[in-house]
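Structures incoming, each one as structure tokens.
In the two complexes below, chain A is the common chain; its partner is chain B in one and chain C in the other.
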Partner chain A sequence: MNPFATETLAQMAFWVVVGLTFAGASIAVFPRNILYNVLGLALALAGVAGLYLYLGSFFIALMQLLIYVGAITISIVFAIMLSRPLHLEVPRRELPKVAMGLGASVVFFAGAVGVFSTTHWVPAADRGMDWSIAAIGHMLLTKYDLVFEVISLVLLVAIIGAIVTAGFTRRLSS
Partner chain B sequence: MGSLVTSEWFRLVLGLVIVLAFSQLNALFLVWLERKVAGHIQLRIGPKEVGPFGLLQTIVDGLKLVGKELITPRSADSRLFPIAPVLVFMPVLVGFLVLPFAPNLIIRDMNVGVLLIFAFSAFTVLAILAGGWASNNKYALLGAIRSVAQNVAYEIPLLLAVLSVVLMVNSFQFSEIVKGQERVWFFLIQPVAALIYLICATAETNRAPFDIPEAESELVAGFHTEFSGMRFGLFFLAEYTNMFIVSAVATSLFFGGWHGPFGLDLGVPGIVWFLAKTYVLIFVIMWVRWTFPRLRFDQLMNLSWKFMIPLSLANLVVTAIVLKLV
Partner chain C sequence: MNSLNVYLTIGAALFSIGLLGVLQRRNLIGMLIAVELMLNGANVNFMAFNRFLAPDPTVGQIITLFVMGLAAAEAAIGLSIILALFRRLHSINIERAQQLRG
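Here is the complex of A and B:
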């Protein structure tokens, strides 16, 4: 096997991306330092973006970076800034909380495995439909317009809620 | 051996070496230019002793930085502290992948090129935050927090300004956007978007008057206070390379990329036009730095949230309506 062939390179890239995702995910869960957790989460999300890239969807990969790494993790950082100071002693892990977290992730994992195993997977080349970004965009604004609008409405409510809450506490304190 | 030279692997390494060499050379030149510009604006002459016009000054300074000891403060986070400077420099390199230097001088002309540059800028923010936090120093942490708040606030109008150009061309591809400006540069059609882009780009690169993350008079040096030697050098390198990238993006989005003005190329090759315009924009950013005082934090936030974001949204809506009507 030629170690410099494009095929080998792609294989290597795939395993690097998978490794990054898993490493990031474990950093996001195990350390007791919340900033490590956030950076680990960013790493895991970037790894997922790499997987999208590997699946040939460049647009989704970049959106993953822009939205999840760029917006979501940074808003988590904001939440951390508003929470307890980092130099204080970290509270100990409580068994019930860990158990509940484990339980929730096991349920989610089982659900995901269920969906994976019941889905009828078709290789990309055999699919009859056009799955390009343009096609998906058209579908979002025609067939799935209602879903799209409902999601926008939820976001709008969230934004207004945040503004009202922040404005209310600010008026109380001044 | 033949298979090695023609392989994708070899092309990757070669491309990376060229990009790295260019970014170093560019940073060395820009630091010299900055000091010269600052000098002349302040009625001094800037560096002049080392080499002709002081041109070798930054090379000497760079060697000094390489030779210096890398100090890790005792109470700093020993794992994050050393990797933060590397993290800050890495995403900057990605930008070179899609910059359209000339019609056939684009490393990879992706159909989502514009998005690529802005997607990776998120990593710079996280790296600055990691560096400032890992230093375990009040000033560094304050600088890092300010940097995150500022970057979040200014990324929104920046993207909205870019979107109004993307709407006009119907493409995220740099080559398509530049081709759309063969006759008229987009800053004549989209002056508001161009201005918003330039202001926000100055803020995104943490340059004065938006340099509160590293405000010397308040925070020592902000997020990179504790970094010494080449670790500090990497932060510096990242800032100047970032400046090149935002100016190059502005050149290709608003100032015609590799085209001459009004379709007149005057026989000058595209890359010369491109680099000339990019460096003129960099000069403007430097000029602004040495002319305007630093904003206060609340002024900075108000400027973005209460003025730039509504303005860029309005600009986007007007662009969409006009495009629909015409």
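Here is the complex of A and C:
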């Protein structure tokens, strides 16, 4: 296969991934059934993992699949199943409020696109080319050591806090 | 192959969809899902800057990993708060959660 055809194929696959991401994001926000929202979120997160592949990092794409699609989505599904009739209520929002929310997000999108399309981006002068996982591990254990430890502490506190929050209220209400 | 602006537009669009979800939904789990979308938009931006501009390609990947860890912590805490609120109010509509008094 000649290189031009490969390039075209990769470009087409890129836009398919982008389309999957936005389809998943729309499903995650617009339907009123919460289970469809979670499935759409999983689709959007898998699409973002594909974008990470195009951005040159296989490792982060795998982490995205493992942490987001594997852990966070499953825990949301689990919480939905634990608390019973979630699909019953949530009345329809009035139209003015939906219109105001839509206006706010459109204003944000237009502002962001305006800012970064008028900015002249300058790449750094000497750019390192070391994309290996070993380099990431080295940086995590030397330069970003403190942040790494603090993240572990935050995760520990979050786990204990989640147990306490969910456990105490059960004792109070029963 | 694609330019930086393509990825920045994708990130901004993901963030905007998430923002719309947070503003428009009244379902707490729906709002949590929308917040995850916003975090992913920011992550796409980090990875794009890392790919096209940054002096050292490990930095953006490490920041993205940290954001993922914080998102996991946030999801755990948020879901436990939602469970506690559901047990108390028998509803996850956020407009019912108006009283601070226990």
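Some observations on this one:
The definition used in the following text is that the second predicted complex is superposed on the first by the 118 of 174 C-alpha atoms of A that agree within 3 Å, B and C clash if a C-alpha of one lies under 4 Å from a C-alpha of the other, contacts with A are read in each partner's own complex, and residues count from 1 in each chain.
The criterion applied here is as follows: contacts are C-beta pairs under 8 Å (C-beta built on N, C-alpha and C of every residue); 3 or more make two chains touch, one makes a residue touch a chain.
Because the structure is a prediction, the values reported are computed rather than measured.
Contacts of A:Leu39 after superposition: chain B is touched, whereas chain C is not reached. Contacts of A:Val69 after superposition: chain B is touched, whereas chain C is not reached. Once the two complexes are laid over each other on the shared chain, residue contacts for A:Phe59 go to chain B and to chain C alike. Of the two partners chain B and chain C, more chain A residues are in touch with C.
Residue contacts after overlaying the shared chain place A:Val98 against chain C, while chain B stays out of touching range. When the two complexes are overlaid on their common chain A, residue A:Thr6 makes contact with chain B while staying clear of chain C. In the superposition on chain A, A:Val147 makes contact with chain C only, not with chain B. Of the two partner chains placed by superposition, only chain C is touched by A:Ile136; chain B is not.
Taken together, the two structures place residues 59, 63, 71, 86 of chain A in contact with chain B in one case and with chain C in the other. Taken together, the chain C residues at the contact with chain A in this complex read 1-2, 4-5, 7-10, 12-21, 23-27, 29-30, 32-34, 36-37, 40, 43-44, 47-48, 50-59, 61-62, 64-66, 68-77, 79-84, 86-88, 91-93.
Note for the complex: chain B touches chain A at residues 3-4, 7-10, 12, 80, 110-112, 115-116, 118-123, 125-126, 129-130, 133, 145, 148-149, 151-152, 155.
Residues 2, 4-6, 9, 35-36, 39, 42, 46, 58-59, 62-63, 65-66, 69-71, 73-74, 77-78, 81, 86 of chain A are the ones that touch chain B when the two sit in their complex. By the touch criterion stated above, chain A contacts chain C in their complex at residues 7, 10-11, 14, 18, 21-22, 25-26, 28-29, 34, 37-38, 41, 44-45, 48, 51-52, 54-57, 59-60, 63-64, 67-68, 71-72, 75-76, 79-80, 82-83, 86, 89-91, 93, 97-98, 100-102, 104-106, 108-109, 112-113, 116-117, 121-131, 135-136, 139-140, 144, 147, 151, 154-155, 157-159, 161-163, 165-166, 168-170, 173.
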